[in-house]
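Below are two complexes that have chain A in common, paired first with chain B and then with chain C.
And then the complex of A and B:
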């Protein structure tokens, strides 16, 4: 499982203030905490704190001063990415494009040039998909496009678009069905990723819902996840689901070994 | 039409383990042996890096094992002296290192004392200048006394010591840390226990980069395919990034093959199976050759003909079959 730590995000008040005040220590602290919790990527999101490329680059630099993990750049504006991608010491994950041709043609040249990866949200100009079929159709468009740019399937992370259980209860099944079909595009398949916490928006039992849905998604091919990597029970659930899917070799101390 | 690229892309590398220490490194060996470091499956030279070729360790024991005459005669009178046997392995058979097993320490064999075993280690170290693998007798309780003395006798020589199991790993970790040796982690044809033993070694503060994995070994016809599958699966896991399974692997081919009926009894009993003189070494060579393809890095071998055959096999495989 590829863990993408979500915490360096200006949606959180402390990060937003840190960006405005250029307080690198806060960024570094959350970076370190997530790295210690075994994040594979650190997601960096400028949110509404700024729209200046130099602020995004500054965040990336702060993260890279603390750890040598790759960055997930949570931004889809070419003007920002043109500056931010070259700052990354390791090929980053660009988060994200939609299946909109115009958007893809703007972003993919930057991604391909730097041997980076990209998250493909399976939505298009018309908005979010509401069926498995629409998800697969959009995924197919993105897949074909990255091939045109000479990228390999492992540079693509397809996101089936997780929707809130509480408000769109019919969608979870469509998401699972869609994700299962993304795996059929190629062998080896592209990655399947999601922003997990959307499923539990507005609910009371957020953590439980996140855990259960993570396990169900893993059974349908999920191999990367944007999450609160410090949610120990969630990570344990994911580790276990991965073993149940025979993605790794079981050992009695598999949980402890992961945290070593 | 352009053919699609079907090469596997692995993300990780098998650990590189060096055995033996030269004078500069605090030992007395003339050379060291390094295994591991691969970034692809065995012999797929077109797909990744295979920086070190698999090596053969000559089987030597403090006391001649209960082997068939065919093998004892092939080795000759030197089998009665561990030093001479080791010398013959190095000088005549051209093995890369020596695997020294304390067969005689077994309470059911000679119950040789830990001090006797340590003396054998010293003698063999003097007799040859290649790196050494040191095994106890396989009886945990006895080995807990034998291995510390053997380890100390070889202090600083950077030997590979066997073996750490779920039941006795603490002693081995302690002596290998104190005397600067590497460890063989052993599991009974069980990949899950294999991984668990490595976790235990890591928890005990031993660096997994100094570990070689041993899934016991089976002779052809006696669970061979189980061991093959485990070696292969462990290697794939290691190449995919499972750090707990990224250790090089060792097989005791000689030790296993020469115990089974097919390598012990001649035509008079196994009618139609061909002369044992030919069949025995062939059985050993076949097992060794196939384990190489599963992901074995160190093969412990006994019969000179089998050793010769596998040396050629390794060279041929690395040339991609081209002469």
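And then the complex of A and C:
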């Protein structure tokens, strides 16, 4: 599983204030905590704190001063990415494009030039998909486009767009069905990623719902996830589901070994 | 989800002694506990305590004196079933046949005559399957045979045969893949059941592994399970996975409502 740590995000008050005050220590502290919890990527999101490329670059630099993990740049504006991507010491993951041709033709040249990867949200100009078929259709469009730009399947992270169970209960099943089909585009397949916590928006049993849906998605090909890497029960669930899918060799102490 | 409570089983010492001493109170106590935990069927297993049909009938009678739930008769011997099935006040679930023609032709007349259901283990004379394809092939044989006996798909509970993660790590994935295909035999489909705890035999993190595998199986069509219905965390996982599959209507208090 590729763990993408979600915490360096201006949606959280302490991060927003850190950006405004240029307090690098807060960014570094959350970066370190997530790295200690075995994040593979650190997601960096400027939110509404700023729209200046230099602020995004500053966040990335703060993360890179603390760890040598790759960055997931949570921004889809070419003016931002043109400056932020070259600042990354390791090829970043750009989060994200949609299946909109105009969007893809703006973003993919930057991504391809720097050997970066990209998250492809399977929505288009018409909005969010509400069936497995529409998800697969949009995924196919994105897959074809990254091929045009000379990228390989492992540079693409398809996101089936997780919707809230509470408000759109019929969608989870379509998401699972769609993800299962994304795996069939190529061999080896592209990555499948999601922002897991969307499933439990507004619910009472948030963490349980996140865990259960994670296991179900892994059975359908999920191999990357944007999450709270400090949620140990969630991570234990994911480690277990990965073993069940025969990824990694079983040992009685598989959880303890991961945490060492 | 159809919950089949596993606890009235002579594999447990207190049940074995109860059978030998004809102590109906022990049987009744476990029956009540499982009914309170919302078991849909009470599985009844004579184990090595006896091989007399009258002892199996006695167990069934003790259960039926306590609750009016249907029985899952955990026995595959025609001489036993011929006496035990007619004792059941509600059509029982016979646990189980394999895809062996001789076995099916012995058991299915008894099952069909009493409008009972049967668990079909997708193994045959050659032994246990080790691929999804072999599981589907054996499942197809069982499905065709129950049709010959005039039974309907909802009288069949196909069991993909869960194997221990620790010793046969490659099998879980094949089980998931096989189960997904069982669903395609008919519409509406037959049931898919398993003895869940086999997955975690010999492991350190038994309960976690059971929970995660349950969620993954439900994503692939599982709708019945032989389990420890008193394992609240496992049951909560299953309730959540069922909601994610859009079975039952979401309410914030879905867990609390179930327990009421």
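Following the convention adopted for this analysis, the second predicted complex is superposed on the first by the 260 of 260 C-alpha atoms of A that agree within 3 Å, B and C clash if a C-alpha of one lies under 4 Å from a C-alpha of the other, contacts with A are read in each partner's own complex, and residues count from 1 in each chain.
FYI, contacts are C-beta pairs under 8 Å (C-beta built on N, C-alpha and C of every residue); 3 or more make two chains touch, one makes a residue touch a chain.
All values derive from a computational prediction rather than experimental measurement.
Applying the stated contact rule after C-alpha superposition, one finds that A:260 touches chain B and leaves chain C untouched.
Looking at the shared chain after the overlay, A:249 reaches both chain B and chain C.
By the touch criterion stated above, A:147 is placed in contact with neither chain B nor chain C. More residues of chain A lie in touch with C than with the remaining chain of the pair chain B and chain C. Contacts of A:236 after superposition: chain C is touched, whereas chain B is not reached. Touch criterion met: A:213 reaches chain C, while chain B stays clear of it.
When both complexes are overlaid on chain A, the residue A:203 reaches chain C alone and has no touch with chain B.
By the touch criterion defined above, A:37 reaches neither chain B nor chain C.
Comparing the two complexes, residues 249-250, 252-253 of chain A contact chain B in one case and chain C in the other.
Across the complex, chain A is touched by residues 165-166, 169-170, 172-173, 176, 199, 203-205, 208-209, 211-213, 215-220, 236-237, 240-241, 243-246, 249-250, 252-255 of chain C. Residues 154, 248-253, 256-257, 260 of chain A are the ones touching chain B in the complex. Across the complex, chain B meets chain A through its residues 9, 191-193, 195-196, 198-200, 202-203, 233-234, 237, 242, 244-245.
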